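One chain, subunit A, links the two complexes that follow: it is found with subunit B in the first and with subunit C in the second.
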Partner chain A sequence: MSHDSHHAPVACKTELAPERSDLGLIRPDRTTGWTDWLTTVDHKKIGILYGAFAMFYFLVGGVEALAIRTQLIRPENDFVTARMYNQLFTMHGTTMIFLGVMPLSAAFFNFLVPLQIGARDVAFPRLNAFSLWTFVFGAFVLNASWFFEFAHLAGWLNSFDWHKALVYTDFAPANGWFSYAPLSGTFGQNGQALRFTGVGTDFWIIGIQVLGIASLAASFNFICTIINMRAKGMTMMRLPVFTWMTLITAILIILAFPAITVALIELMFDRAFGANFFNPSAGGQPVLWQHLFWIFGHPEVYILVLPAMGIVSEILPTFSGKALFGYPIIVFSGAVIGFLGFAVWSHHMFTTGLGPVPTAAFALLTMAIAVPTGVKIFNWLGTIWGGRVRFTPPMVLALGFIWMFMCGGFSGVMHSAAPADSQQQDSYFVIAHFHYVLLGGVLLGLMAGLYFWFPKIFGRMPNAPVAYIASGMVILGFNLAFGPMHYLGLAGMPRRTHTYQAGNGWENWNFIATIGAYILGAGVFIAFVNLFWTAFKGKKCASDPWGGRTLEWSLPSPVPEYNFAQAPIVATRDAYFEDRHGGKRIAYENDGGEAGVHMPSQSWMPLVASAGFLFAGFGMPMMAMGVPHAGWIVITGLGVLILGIWLWAVEGPGGYMLKTPAAAGSPAPVETAAH
Partner chain B sequence: MSETADAHDAPTSTGIDHKKLIMWLFLASDCMFFGTLISTHLLYRKLYPSGFTDAEGHQRFIQNLFNIELTSFSTFILLMSSFLMALAVSAMHKGEIKSFRRNVLGVIFFGLIFLGCQVFEFTHFYHQGLTIQNSVLGSTFYVLTGTHGTHVAIGVLWLILMYFYSFTGKLRGHMGALDVEVAGLYWHFVDIVWIIIFTAVYLVEYLGPNGIWGTGLPAAIK
Partner chain C sequence: MFSRFFSRVGLLAAPFLALIMAGCSKAEMTVRQSTLDPKGPVAKMQYDVFMDTVWLVVVLFILVGGLLVYAVIKFRARPGDEDAPRIEEGHGNPLVEIGLITASIGALVIIAIPTLSAIWYTDDVPVESVPTSKLSAWYPRLEGAKENYAKVVEEQVLEIDVIGKQWWFRFEYPQLGLTNDAKRSVPNEFVIPKGKAVRINLRSEDVIHSFWIPKLAGKVDLMPGRKNHMWIQGDEVGHYYGQCAEFCGDSHAYMRFRVEVVEPAEFAKWVQKQKTDAGAVVASPKAEKGKALFAAKTCSMCHNISGHYGAGAFAPDLTHVASRKSLAGAWLDNRDPKAQLAKEQQTQNTESSVEVDKEVLRANLKKWIGSSGVATGADGKPTKDVKPGNRMHFYKMFNVAGLTETQQKFTADELDCLAEYLLTLK
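On to the complex of A and B.
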């Protein structure tokens, strides 16, 4: 069998005869170029791809946001139509949450988790690639709606028969990011399935469904990796906090996403097959959609913020020169936040009339969830307290995170009071609150993470002056944009309003908010250009430019594909810092070297299987549009998916032995019994 | 190939194989999935306890519709398939591939009987006037039990592929037994879910003199 040749350790897989699957298909083995990036199973490359796509979609979502703010810069503006405005704010929210923040967090999970736990890869490398490509194709499907919308506006679709029925439809989603039924659903009896909204909703349903599959697959993989692939001595209470937060986030994802999956299936059945789940004229209860959505949607908020909290918990100790204050309680608070996150969803629904008992219970639980969050804030402050603080760009952003997130937390506690919330519901006050949490909190945290780990990812240091300017612009612009919205909301300005009349006292603050949004947008853009430039042309730097504390800083930059030439054995928390400055050294296992380490083989199959979602995802909204033969595209997609999974299963994990350089000062590796 | 992988797979931190752990995680997620579907059904049963109206405009009780004997039979068959699955897993652990094949064929056969019963039931209910479109009950019932049926169908397909794969001689050793055990975990879970669905959707309708939703059982049932 050809597999026998793969027992010999090599310096590069291309030295080996091509590896064939059982069906005779040749597996890819390139380490550079397109083939490599499309077939890679290396968690670091997958992380970089996640990051690149996420940053692209951040810019897309940002452009949508700036279009919204431009429309609102003055009363009765006509920059965009009301119809376009609905699509813009829907796609802005959906893009930022599902295509911006979640994948950027996933980029950090991918790149960092195996390095931080001393592993050479994730538990299921091909499944990891599948998650990536499923996310990419889900994002394509969601954004394909824009192309139909623009083609429609440009009149390109007029020559098609099926288009005649769709003149008044929204092609891009236009229900808001939570797509409340019955607006997103149907009305009429006996399966008439008359729809309030256009095919944009169908794009939204299938796009979110596909993205959910990507998130679920990635989360199974990461829980498995963190629980099962820790280096020797890496007990759970020695895990870096970022890894802990990844674990909690992944658990939240696997328990929260099924609710939205079912809700989307039910909504799809309503729209496509005339079912009555949310159809009020047939007895369906639209409020059920709200419950199902927020049972997912509230944990989702913590899915977004916990990774950023983990990042900040890595950055603050590094630049304060102190160990994280109260490590166990920070971890425990993270777990409590995750647990309570499932018990507060109805605070999004205080105005639906749940009755006094549920309202009081959810209000109390919502107040309770501020406690573990406050505990974390105090621990971070305790970490900085008395430390020798270095105001590097990541530190500036991390401090900004604490400050902004705290402001968002305060207005969040205000919402937990149900009577106050019924005044604030659907006003700009809510917009201000969750942007302070998700932008001032999460985005600043993620940007801090990018500046912190870029030197590790690419071995190059971002330009610090540009980074300071960009960070300053982001924090200033952000506060200018969203600070006034607190006032606007309390002054009665409703959210999702396409325009407003003069004379309500809203003009000046809207103008300032829009200017702030431009500054914010420019700041994010400058930061991203700075980072993009760094990846290719930045000044090369040492492997540990910051004085890092965790295992990833013990590796060369960029990190070699096998991660650890020899697997580490850790004896303490903050293993790398203790190794250099404390008494406890990192030991290394007697592996690697000439004997090589086992590496997974690359594969086309994750990409092929994911491509099935692409076809099926395009096909389903096109069926809803009435495009002839679109059903065949769906069937083709499902066929490609099943074929991809089957080929994936029969090709097997593969794998080969890669030689690693023997680490300096450690004993030369000896041949193990397996060879 | 799996041998090569075996030789180099590092021992895991917990001693549990990755594949088994990830299947448990998937099942945890699937619990929430079915939990949501079952909740939807029960919520609407409580809200609209009186059944549905058929095409002729007659009010119909759910107990008139259900054929509890048939569903009990298919439930029994599915339970027995779990028994055979356990035997198949045990056979693989002992390396008795022939016994594995016999038992897994039994699982496939029983799984197909269950699916056949479901197809019959759906067709029968449809002709009795319950459709996915004419009532909330139809929507929740067909989507819930249909989703479960899809899970069974995926399991059957998985086991059929595994059955044929066993003839290539590659389904053996620790990894082979693990693959079968993971499929077994899935199969048992789908069974357990059916026990819950059978109880929550079918059996409780017959509880007490008036049914659990208090609407009264039709005379024929009493």
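On to the complex of A and C.
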């Protein structure tokens, strides 16, 4: 275990002497370009990769959404077939939740949490890389179902014997993101495992399973990081609110994902091995799937929304020139939301025949969760109150977040009244409700975060007029698309129907909704192009362009590899703002400088281990298709996974020393970290 | 300054306001599946709870939204702020916080009370509705007929069993002898007496479906392996539209149904009619040929036609197919669409209905039978399934030896004959 001694501190990692790991392989520490990105353990680069993949999948999910809306633009349209429509809405929901919002939140966790708590990296840098690549491969497996589907539709698979033997030929999942058994499961007795759907469901099961592993690994990492790696003086009640929400989200993930993991394993066993967990004809209980799914699925909603709430809680004080109103209440209400989030799952099941007593209990608990949510809105209002509101793209988006989220919250309160909900459940009213929460709320919040922190991430300022135009289009298009859906739901239009008949009075509003969706899609696209352009060509800006409040703004932009040249010691909440304007300065520890900062070594092993999931993820559905020898692909995948983890364990942690500028807070540009 | 701001806001808001106003017209509120036009006590109760939440939310929206808009305008940065002294850093006000939390809880109690009472009310036929809804209290004994129900059920309310399948609903009236076992079940459309509480028993034979007639009651799911129930009551005569509300596979959108609310005397006649067998086919040689084809093309293996073919129990009962206003899971409408539209406009009522149009029905029958599961139609072109994945020609899913995909193909003449035959089944 020889690392530090091998390396004298260097100014830039490319100056390092080649070093072999305990396996005898050269460590990829000195690399640049592609190799560097594939082997990186730097939380900032991992955050950027998470963000890039998430934005790509936002566009994929957006295209799916526009195809859905195009199909519904007029009655009895045949833009897509019934099955294709079902696949589109399934993949739209799954993509937006697991491949769009969650990884974009993870991008913020990765980039910001160490900076906000004054740390130099996350607790387990290689595990962090493993989370990233596992997410990437899980997303790949899930979307690979589309390639099989299109190959099937194009007729490329027709000549295979296994293809001729298939009963169902849907290759992309068509169960909805909730995949209710027994539609997703099996029927019949004696372990026949007869199915209602094709291998698309198997792709979905394994894809979500792999994505869950990525989320769990990342969550353990962030809990350890936030608890253990805070700078001196950074007590829990001095944590920036975004970091607090990250912590709560991570705890929610590790408590919620086991439920879906169990459910997915049971469903997989039903389908692949003839188990009978959800098979009613063999005594299984379809309602069990719903309980397991929603005790994951409801906390999942808060997993999606709490990070956006954290982002908004950072942006509002910055542009109101005023500390967050009621910091402790905001933090505690976040925790209460997280806690109550586990107590309301059955409000997704009001129509399943729970009986009056459980229905009443879950209705009351659902009303109760409106209280901490309302408290957050009151406190954001209190933050603006008496401040000096500066309008910038992030602030406009954050205000949009509050407004849309408030509307979504109101329709949520309507749902909590179970008798009224029995009319709204599975109608377009629900679609309107959760898009106000997840799109008007979460997406606007995340976009606000992107515009807010892009100058920190890339040292470049997004073009404000373009940002305003894009934001305006998003807000206008969003309301045009989803506002009318409240009416459509109340007018009796059910969800997940690929078409509808003329004469029900739904034609005009569907047309308007589709036009709104096009405007919304164009707005999001313009915003993403604006951000993409900014990352490479945007105008360079100062390290603190907004008048930020938390520690990340004390660093140069882009942030150097080691984050803090000297570790900070904080004495108050909003440490950087207080440092400049208040009485309490940030002190710095006497480290870094010529002696250097210890950096973790880069490694191929997280990528190798994750790649095992790619093989296993392809192998399982191919087994279900009946492709000969596909089982060996699964075994190979598990072998690669185990091998990767084993090599990772024995290669040794490595590490090297990087010199930092001597005096903390000095404006010396740190070119070594520029990517 | 302010007026300019508000005029801008007004300009932005105008289209939305116009949309909302347009949306509030009576016609928009009373569309076929509107939940805002309740025609029975269950839907009414649900509507009332909904309106309670609406009023609460509107008040909160004006308060909170108004404060937000006010705060953003009032506390916006102004030129010269840069030189002003820094705002005092505050960290909240416990009294304000506690006050707001208490107020929120109070607001929720306002809707919690009607919610709780409505949960119990909508769960099962309320005790006070039972006396007038008991079978013995209203269901007439037809002249010359024996008892229409067993002694033990006399004091019960009418029960209807709803069986969900991919992708149609079957209805049975066990107390009145209209069951699948007795070869008397009713697919797609069922009939209830006006003003009588009816208990609905919900069963599924494959996946989860959901039973929803927006004007009569909110939905309850049909869960395989579980016995769910609900109750409905129609207070106005009319033709009501329902739809499966739980995603149930490829053709979920096509899984619709209807319910006819009729006067109690009409109801008795309807029941009596359901108990009659199909008569001898005397219409034409074409119909005779169609009857033979019904067996030759294996239709009779699944479809029951009492009096003609009695082997089928799996598929919709066709004994009275020509009397029904819809076909194929109530997706195809057997009424003349123009006449129907005219009638709805004339009566200002989407529940009014014209009678079955024979030619529309004939076209629907040919379209439905001719396309289902058949790769190429009579014209040699690929067919578009009326209900993709439907079981009519898709035995593959049963995975039973001998029952492979039959891919039945029909010539134009065969379709004509089959339709002619089915049209005789009134």
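As a working rule, the second predicted complex is superposed on the first by the 652 of 675 C-alpha atoms of A that agree within 3 Å, B and C clash if a C-alpha of one lies under 4 Å from a C-alpha of the other, contacts with A are read in each partner's own complex, and residues count from 1 in each chain.
Following the convention adopted for this analysis, contacts are C-beta pairs under 8 Å (C-beta built on N, C-alpha and C of every residue); 3 or more make two chains touch, one makes a residue touch a chain.
Nothing here was measured: the structure is a model prediction, and the numbers come from that model.
**Q** First (subunit B), second (subunit C), both or neither: which does A:255 touch?
**A** In the superposition, A:255 touches subunit B alone.
**Q** Look at A:417 in the shared chain and tell me whether it touches subunit B only, subunit C only, both, or neither; answer first, second, both or neither.
**A** In the superposition, A:417 contacts subunit C only.
**Q** Return first, second, both or neither, reflecting whether A:652 touches subunit B, subunit C, both chains, or no partner chain.
**A** first
**Q** First (subunit B), second (subunit C), both or neither: which does A:638 touch?
**A** Touch partners of A:638: none, neither subunit B nor subunit C.
**Q** Of the two partners subunit B and subunit C, which one touches more residues belonging to subunit A?
**A** Counted on subunit A, the partner with more touching residues turns out to be C.
**Q** Please work out whether A:284 is in contact with subunit B alone, subunit C alone, both, or neither, and reply first, second, both or neither.
**A** After superposition on chain A, A:284 lies in contact with both partners, subunit B and subunit C.
**Q** Could you tell me which stretches of subunit A are touched by subunit B in one complex and by subunit C in the other?
**A** On subunit A, the overlap between the subunit B and subunit C contacts is residues 283-285.
**Q** So in the complex, the part of subunit B that touches subunit A is made up of which residues?
**A** 1-2, 4-5, 7-10, 12-14, 16, 18, 21-22, 25-26, 28-30, 32-33, 35-37, 40, 43-44, 47-48, 131-136, 138-140, 143, 147, 161, 165, 168, 170
**Q** In the complex formed with subunit C, which residues of subunit A make contact?
**A** 78, 81-83, 86, 167-168, 174-176, 180, 182-183, 187-188, 192, 194, 196-197, 280-281, 283-287, 320-329, 351-353, 355-356, 359-360, 363-364, 367-368, 370-371, 374-375, 377-379, 381-382, 384-391, 399, 402-403, 406-407, 410-411, 413-414, 416-427, 479, 483-484, 487, 490-501, 503-506, 509, 512, 574, 581-582
**Q** Which of the residues in subunit A end up touching subunit B in this complex?
**A** Within the complex, subunit A touches subunit B at residues 3, 6-7, 22, 123-124, 190-191, 193, 216, 219-221, 223-224, 227-230, 234, 254-259, 261-263, 265-266, 269-270, 273-277, 282-285, 288, 292, 295, 598, 646, 649-650, 652-655, 657, 674.
**Q** Spell out the part of subunit C that touches subunit A in their complex, as residue ranges.
**A** Listed in rising order, the residues of subunit C that touch subunit A are 16, 19, 23, 27-28, 31-36, 43, 45-47, 49-50, 52-54, 56-57, 60-61, 64-65, 67-68, 71-72, 75-78, 81, 84, 86-87, 89-93, 96-97, 100-101, 104-105, 108, 111-112, 114-116, 118-123, 166, 202, 206-208, 210, 212, 214, 217-221, 223-226, 228-229, 241, 243-254, 331, 333, 337, 340-341, 384, 388-389, 396-399.
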